[in-house]
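Each of the next two complexes has chain A plus one other chain: chain B in the first, chain C in the second.
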Partner chain A sequence: MDRAAIIGVGMTKIEANKSRETFADMAWEAVNKALNDAGMTINDIDNVVTTSSDFWDGRTISCMAVGDASGAAEKNLSCVEGDGTFGAFYGYTRALSGSYKTTLVTGHSKGSQCISSLITNSAFDPIYERGLGMDMITACAMQANAYMDRTGLKPEDTAQVSVKNHGNALKNPLAQLPMNISVEDVLKSEMIADPLRKLDCSPVSDGCCAIIIANESVAAKFKRKPVWVKGLSFCTDSFFFGDRDLARSNALAQAAGNAYRMAGIKDPKKEIDLVELYDAFTYQELLWLEEMGLAEYGKAANSLKKGEYNLDGRLPVNPSGGLLAGHPVIAAGLYRIAEVVLQLRGEAGEHQVGKAKTGLAHGVNGLCGQSHCVWILDQEK
Partner chain B sequence: MAKRVAIVGTGQTYHKSHRPDVNGQELINEAVQRALADAELAIKDIDAILIGNMDHFEGINYVDCWSVDGAGGVMKPVIKITTGGTTGASLAIGGYHMVASGMFQKVLIIGWEKNSESDTTGAITTAFDPVWDRQVFAGAISGLAAEAQAYMARYGASDRDGARVSVRDRKHATNNPYAQLRKEVSLEDVLASPMLADPIHLLDVCPRSDGACAVIMANEDVAGRICPVPDWIWGTSAHNTQAMIGDVDWGRLKSMEQCATEIFKKAGIKEPRKELSVIEMYQPYSFAGLIWIEDMGIVGHGEAPRYIWDGNTDMGGELPVNPSGGVISCNPIGATGLIRCAEAAMQVMGKAEGRQVPDVKFAVSTGFGGCMWTNMLLHGKKKPN
Partner chain C sequence: MSDTFKGIEPMVHNSKISVPYSWWAGDTASKFFIALRDEKKIIAPRCGKCRKVFMPPRKICPSCFTENTEWVSVADEGTLVAFSVARRQLESIPADKKVPVIWGLIKLDGADTALLHYLGEVKPEKVKAGMRVKAVFAESRTGGIRDISHFKPVS
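Up next is the complex of A and B:
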């Protein structure tokens, strides 16, 4: 198998409402930033994968809205629906299949134009579940309860995630919600769905991210030092909650295990230097870290309390501020990859972490983390 | 090093206008079980699953996650590709790259649609730009009618030429037990059927169907062991030419020309008319059967009507097109492109039964959809170099 690297990234600022910009305007900005970052022109790109959702975009064939702005005219194009980490996975295989050398991957969404509860309600089974009025937030509240019941964690434990990530966002100029808050602020914020309060939830956001993936045969030809894809895996759990252990995530444990194996990582706790993960809700950061094998089950909150996941901690988690500081659905996982790339290049600016040789980026599809995608990125081939 | 890729098994449902007896997952499962049986594999042998449909037809969000019980995807990598009418063919191309990359040895590809649950035209209309295009361009048929009118004006073709293509595909469909519409029609029947969008009559155009298709692709290390005559994928291509309606060169399908040029060059095919044995074309209405074989380079511009009237694309002709009866006989949209791929594979593998074209060396399958998008795969009996 050939190897591939990420050689350019571009992100728009994440904002609550980019009312002056269409999907294409956002894609245009992110794509041009990625091309400039890589020192490439669109002529150096030989195929394009866009990531979008007909549901979140309110458009059938939603990729049509960004194809031109992503430079896909005259080029081979496809579209993955789901989180950006999955779109990037397909882009990665296209850079390795012998057909292409450089894949441009984009992911966009405008939460400002969405009614999130209706869109996520339609992810439930139409006959047995939808009529109950479930949506992403109520479902994740159930998962939070299951997780906290199993581990004995309290709302003040999970609230620390919000404090840390909104605090990290103060140092990230692209973040939507930089905030200096305390655990008390989180616990006093409006109750959305017990036990999730407003500051436990990621915001509604607009944004677009683009990355460029290159086959090893051309990766060194351009401006940036390549960041290598060492491990990559994804896995899907059962659909019905009754078939799953909601307090755990077997799919993430399997995806992470496979990604570590592919990357030759034996002890992820020692070998992973930073993590950008899909913290749509505070409890998820802890649960996901544990299922990735980066903390014992139920113990991530202790490490968090000790400051181990802070920017200057042993294992910085979401130094960018994560989804809690800005959550453009679909694009969110692609932002995680782009952030890890910046960290491994030492170019993350004020939110740069110390040692950053190997990083993990993570994305989620479906309800309560039914499907996970794990990327291991590295400075070295 | 990239791996060579072959199709080692296919399966599809008996497509119907309405399948109230099954839900979506059960429909998917029928196709999956048939593909696994065809390849003599079990679901545990499958390394990853690629699934697609068009969201707004069934109104199910995150279909990749919802479908796992029917697809067999629990605790497997599952990913979704959606590109509109081209979805099925985009899935086939996706499966090719996932296997060729070396990441997976055996991939299950599923396209499906339960159109009976949809407002098809209402959903398609939302594909177009909400400010500039949507008010003047409803559904799929308006664009197709514009294309047919432009072609007729440019090359002097008539609605009888279109009807001749319809007669061909509907006759071919009688050989295909999976097709939804299996009834021979005459030229007069087509021309007397209700006018939907001038010049397209009811019998010129595709139905909407409930159905699913599954295809299993494997890499060169295992393909020969799974299947005595695998269908080797020689190349894939995808192009689209429209962002706004005004960008289209109406009467020509530039994306088809781009795909054909790219693939035939890669495979060293100089005279596709002579070197191809069969074409399974995503031809949503009869006039496309004229226009697009010209853009594919089978005959020159304006020459398709003569070529088709002479019977060259009929079963037994020089280059049979759509032995399955094609899209106008059956159209579960998210599966339609993948059915073309599966039918081409069956032709190469010698499994096409009553619709088998003799001695198939190379076959082409295509996909078509919104934004004048063409997908193409070249299938061959010989392993590619």
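Up next is the complex of A and C:
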């Protein structure tokens, strides 16, 4: 089978308010960082995929507005609306297609410029649901209740995720919310929607990430040792919550299973060295780990408590600080991929984990994890 | 970052996209809303193949990928599957609702999937998954999802 690799990554710092950069300015920064990282010029890129959301950006065909700053002039530019991992999936298939060799993928958003509750309310069905006034936080609170009800987990169990990830962010200069906090701090923070308190929720953030995916035939031509895409899959669950078992995520179990098979991974608990996953809320880190087969259902909290997911643990999870330390919607999954790439190259700096041969990056699209994208990245082809 | 822009005051430009939409509800939702409005009855489509009854009503069975052609009456009582309680007055919450606002996924007797709606006449602390709830219809009904005012605990 043909192969592709990630040969360059670029991330802006994730911030609460990027008052000095427009969407295009952020793209310019991330794209140039990725090109510099790869040792490429824009002329070495033969096609571009931008990832954005019109509602978050407050303009239609938002993806086209960052093309110029992404160096897309006279190139094939295509767009994905959704999480960056899905844009990267498309970029990967283009790099494999034979028509293209080097795909630049960007993902951007600025949560600071609009009202996130109104944007995420608009994801609900307009005929049956939207007028009831739920948004992402209240929807995920429903999923958190369902999950904690099923597993018997308590708020102090999920709060540990916030403590760990904000703590990891202290070592990541690009993170928005590095914090040294305790379980008590989480349990005392404002209750927004039971059982989710403020410190259980990821912040509103601005940021842009870019990655460069190359076909095997050119992957070794540039500066970096390629990080290989070994396994990749996405799966989608039903749209209506009432059709799903909200306490579980079948779509993620399927996506992860497919990605492991493609990568030839038989025992993910032993073969995956680190994970960067989509922890928009504390409970999600636990539920997603379990559905990816990296912990028994309802048991990830025990492993977390024992320190197994710490930076120096058996399986470091979100060594960068994850989404809890900075959540630029759309770009967030692309940041996960870029972070795993840095880890596998041994270039993650202060938050570098010990063993990092095989890593997993994960992105989510839709309310309560309707759709999941799982990437298995590896130092070796 | 070049020094050209050092000390530049960040300017803000305020804007808004304000576009009214009129969605046709379609045959399936219209039939459901008319029964709510005119008869205070909850009806739902059933898949002719797998026999599943869908709430909220939709034309296509997602499992069988076939059209739902039969309609059945479902009960106005059911079981609470999951719930959510807003404590912060989030911007998405309608103006007539004040926190705490409680939403529930309710599996009505006779349906196979659960409907998203409000819970009312109950304190958030008393809400438990598995509890039995019953629809309270709005006095003034206009043919929409809020023709059901909320679901209340069955005493």
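We take it that the second predicted complex is superposed on the first by the 381 of 381 C-alpha atoms of A that agree within 3 Å, B and C clash if a C-alpha of one lies under 4 Å from a C-alpha of the other, contacts with A are read in each partner's own complex, and residues count from 1 in each chain.
One rule holds for everything that comes next: a contact is a pair of C-beta atoms (placed from the backbone, for glycine too) under 8 Å apart; a residue touches a chain by one contact, two chains touch by 3 or more.
The model shown is predicted, which means the values in this text are computed figures rather than measured ones.
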Practice prompt. Could you look at A:S19 and tell me whether it touches chain B, chain C, both or neither (first, second, both, neither)?
Written response: second
Worksheet entry | Partner contacting more residues of chain A (chain B vs chain C) | B
Worksheet item: Of the partners chain B and chain C, which touch A:I137 in the superposed model: first, second, both, neither?
Response: second
Worksheet entry | Which of chain B and chain C A:M1 touches, first, second, both or neither | first
Fill in: First, second, both or neither for A:D149, with chain B first and chain C second
second
Discussion item. Once chain A of both complexes is superposed, is A:A256 in touch with chain B (first), chain C (second), both, or neither?
Written reply: neither
Practice prompt. Answer with first, second, both or neither: which of chain B and chain C does A:D194 touch in the superposed model?
Written response: second
Worksheet item: In the superposed arrangement, does A:S238 touch chain B (first), chain C (second), both or neither?
Response: both
Practice prompt. State whether A:G58 touches chain B only (first), chain C only (second), both chains, or neither.
Written response: both
Item to complete: For A:T120, decide between first (touching chain B), second (touching chain C), both and neither.
Response: both
Response to the item:
So the chain A residues that chain B and chain C both touch are 58-59, 120, 125-127, 238, 240
Response to the item:
Per the touch rule, the chain B residues reaching chain A in their complex are 1-2, 23, 52, 54-56, 59-62, 64-69, 73-84, 90, 93-94, 96-98, 100-103, 123-130, 235-243, 258, 369-371, 373
Worksheet item: In their shared complex, at which residues does chain A touch chain B?
Response: 1-2, 53-55, 58-61, 63-65, 67-68, 72-82, 86, 89-90, 92-99, 119-120, 122-123, 125-127, 232-240, 250-251, 254-255, 365-367, 370-371
Worksheet item: Taking the complex as given, what residues does chain C use to touch chain A?
Response: 1, 5, 8, 10, 15, 17, 21, 23, 25-26, 29, 54-56, 62, 81-88, 90-94, 97, 101, 103, 105, 107, 113-118, 124, 129, 144-146
Item to complete: Flag every residue of chain A that touches chain C in the complex, lowest number first.
Response: 19-20, 58-59, 115, 117-118, 120-121, 125-129, 131-135, 137-139, 141-143, 145-146, 149, 190-194, 238, 240-243, 246-247
